[in-house]
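The block underneath contains the structure these notes are about, expressed in structure tokens.
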Amino acid sequence: MNYFLHISVLLEIYILLALSANQKVGLSGLLTLAQAVFYGVGAYVTAILITKLGFSYWLAMPAALLTCVLVAFLFSFIAGKVRDLYFSLATLAIQIIFFSIVYNWISLTNGPYGIAGISSPEIFGLKINSPGSFALFGAVWVLFVVLFYIWFLKTPLCRMIQATRDDQIAVLSLGKNPNYYKGVSIIISAVIAGIAGTLYATYVTFIDPSSFTLDESILILSIVLIGGAGGIIGPISGALIYILLPELLKFMKMPDSVAANMRMILFGLLLVLIVRFKPKGIFGKYLIK
Amino acid sequence: MFDTPIQILLNSVVSGLILSLVSIGFTYIFRVTRVFHLAHGGVYIAGAFSFWWIFTRTSSWIAAIVFAMAIVAVLIYSIEKIVYLPLNRKQSDQSISLIASMGLYAVVVNILALLFGNDNKTIFDSISGTFELGNIIFTKVQMLQVIVGIFAIAGFLIYLKFTKSNLAMQSVSDNETISKAFGINTENIRVRVFIAGSVLACIAAILKTIEVGIDPHAGMGITLTAAVVAILVSRLNVLLIIAFTVVLTLLQNSVEWFLDAQWRDGITFLILLLVILFRTEGIISYNLRKDRT
Amino acid sequence: MSEILKLEDLSKSFEGITPVKDVSFSINKQSITLITGENGAGKTTLFNLITGLEKPTKGHVHFNGTSLTGKSALDIARQGVIRLYQQPRLFKNLSVWENLVSAAHRNSGDNFLSLIFNNRAVKSEETKLKQKAIDLLRKFGLEDLSDQNAGELSYGQQKLISFCMIAMNGTKLALLDEPFAGLNPQTIDRLSDMIVKMKEEGMTFIIIEHNISRALKISDSHLAMREGSLVRE
């Protein structure tokens, strides 16, 4: 039962990550290889504020999200300057630079030794430190974000964000600022990924740089592309596939060492197949050209 | 007093030369086919393992080398025909082939890890021995690397000249549609550049395997460094590519030695980021240019 | 009739090429001006200069009394100078009515703050704009397309819809780059009617066209360009 709850928490975190990536990829058409940066910023700022400054979760989390917003401005600047492929490569560069900073700035982040002892959140005196309570806590966040999207997807702002994705020159020619729409999108994406980061940090209570690598970013991107970008169902199903796939492999009695490689092979294969044959992804609304 | 810098310089030139085999391949592939072929790292590792597998079984250099090149050629040919060319025909954006190449990299590297294990491999009866000039060490392996490296590059240049591919490649890298209109068989050029580039990577992989063995997960890092060169060098100029690769390697090694080993990636990619921000075409001018053609 | 656009010695040169050389003319409000010339004569570059996508190396552009010279493309478009491109630019993943509503000037709804704090105003403006879009489509006989995905339209339909987007925008000066290219005669007639209708409602047009006979039918004046300069007034 505990194991099932543990999987649920991971699922919740990855649903949030997938939705955050979908904001950039599906709604804005910005293929990002750096989603793990926001994830990592959320996690690390939370961890540092809680362990080094004794903040409570409810103080650390907004601070973490604010930091994510600041980092988002960097991405917005880049999105306004370079196109398509080079934007993706720029995000790749930022991801690697981020990892380098986190790994080497030992006085701030403890580098490869990581940060331990991150205490759990408390609501009205109740500590959320069991798999069950955390699964519930995470579910509330997921519900919040999903409800947000159900509303947001129908707003004029979201429509303009999608219009910018479809043809930013047309948006510009009509007297509207495409950089504004890209910026808002990136900020929303950053905040949601940051939330996932704060959940992760307080759930596993120990974080180190290895969770926030280029591989992780590629994985998050793949989840969105496979599940399908643009709506809500796509990213959620992508996250489901990612989390449940290893369980399926375990069920098929595959040894753990093989399973790790097998998962990457299947995921990589899915990615190639989707890109090649079904660019909308399994449940996607938006065709990546 | 100057020993350490000179040693670093020497090592950087040699390993830079080897790496430039990879970056020549990557740059040519990127410029001619427009594919940001991150799977190049997978092909590299496939070459390394193929060589290792045959060599540890037969101790035959020739067999191992031929086998490795054959595997690499077949692999990249399949990838081009099954994935990249269809995407090119659909006129997909470059980001799409980038994503596809990442998926391919994951598949190739993890299949190799399944077959050979996730840990490093070494060749035990490889060449040992050194030359020494004062305190500077120049190993026999390095000597081999330099000689083979230079021959490989020369071979590549001769191949281009002999098959008259260079002009065709320049043309396709400039404008594929117009090249087709002039009767250039662009699909054929693509295959040639993919195979030539991959063979160069295979040679580099073999040379590295002899020296330090194989790290199955090193492919991406090597490719990304080559990619930095590809973006910095905007033309199909082999000497320029070699020069940039050696300088980049020197920079990386200097950072590693004089600062901290782990900042090396950060610095490399900061350079890439700055190059992308300041040297690539802006969004408006790119779109205007696309409209004109 | 008042002057709405005035160009003075507008030039663009780079790397030894001068695509636009000392172009001067003025345009009256509510008129349709045709610009013709061979490919490479500099017509599209002229449009790029007026709309701010490219910066002139010499000369001035005046619009409605204000100077546009050197201003950004965004500022110029916000003044009401809107451009239609040779290849229709629309939002292919949105429906036709959504395309039109996206093209309209809004007071709220498309920025984050107004969305959060002024929700009621957003909702009413949304309803009004959607109605305006449907009315516009109806005016041009295109209302059946309203729910279709813009990416699924035919080339001709896309051109008509992208024109409707300009009409939705409150455009004062519309620059149409080869609007008739690739259209069959009936569609050209339709588009011509649409242009004339919008002219009567106050819009000014500059049209680049190769289909001179059709374009002359609706134009009030004709400028020709050759090798970057005007050759006849």
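When the chains are written out, they are named A, B and C in that same order, and each has its own residue count from 1.
The criterion applied here is as follows: a residue touches a chain if its C-beta (ideal position, glycine included) is under 8 Å from a C-beta of that chain, and two chains touch if they have at least 3 such contacts.
Bear in mind that the values here come from a model prediction, so they are computed numbers and not experimental data.
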Larger contact count among A-C and A-B belongs to A-B
If you average all the Cα positions, which chain's own average lands nearest? A
Centre-to-centre distance between chain C and chain B (centres being mean Cα positions), rounded to whole Å: 47
Please report how many Å separate the Cα centroid of chain A from that of chain C, as a whole number. 40
Based only on mean CA positions, could you tell me how far chain A sits from chain B in angstrom? 31
Which residues of chain B are in contact with two or more other chains? 284
Give me the residue numbers in chain C that touch at least two other chains, ranges are fine. 73, 85
On chain A, where are the residues touching two or more other chains? 169, 172
Per the touch rule above, chain B residues touching chain C in the complex are 284, 288, 291-292
Which residues of chain A touch chain C in their complex? 155-157, 159-160, 162-163, 165-167, 169-177, 180, 184, 230, 285-287
So in the complex, the part of chain B that touches chain A is made up of which residues? 36, 82-83, 86-87, 92-96, 98-100, 102-107, 109-111, 113-114, 118, 220, 224, 227, 231, 260, 262-263, 265-266, 268-270, 272-273, 276-277, 280-284, 286-287
Listed in rising order, chain A residues that touch chain B in their complex are 31, 78, 80-86, 88-90, 92-94, 96-97, 99-101, 103-104, 168-169, 172, 214, 218, 221-222, 225, 257-258, 261-262, 264-265, 267-272, 275-276, 279, 288-289
Residues of chain C defined as touching chain B within the complex: 44, 48, 53-54, 73, 85-87
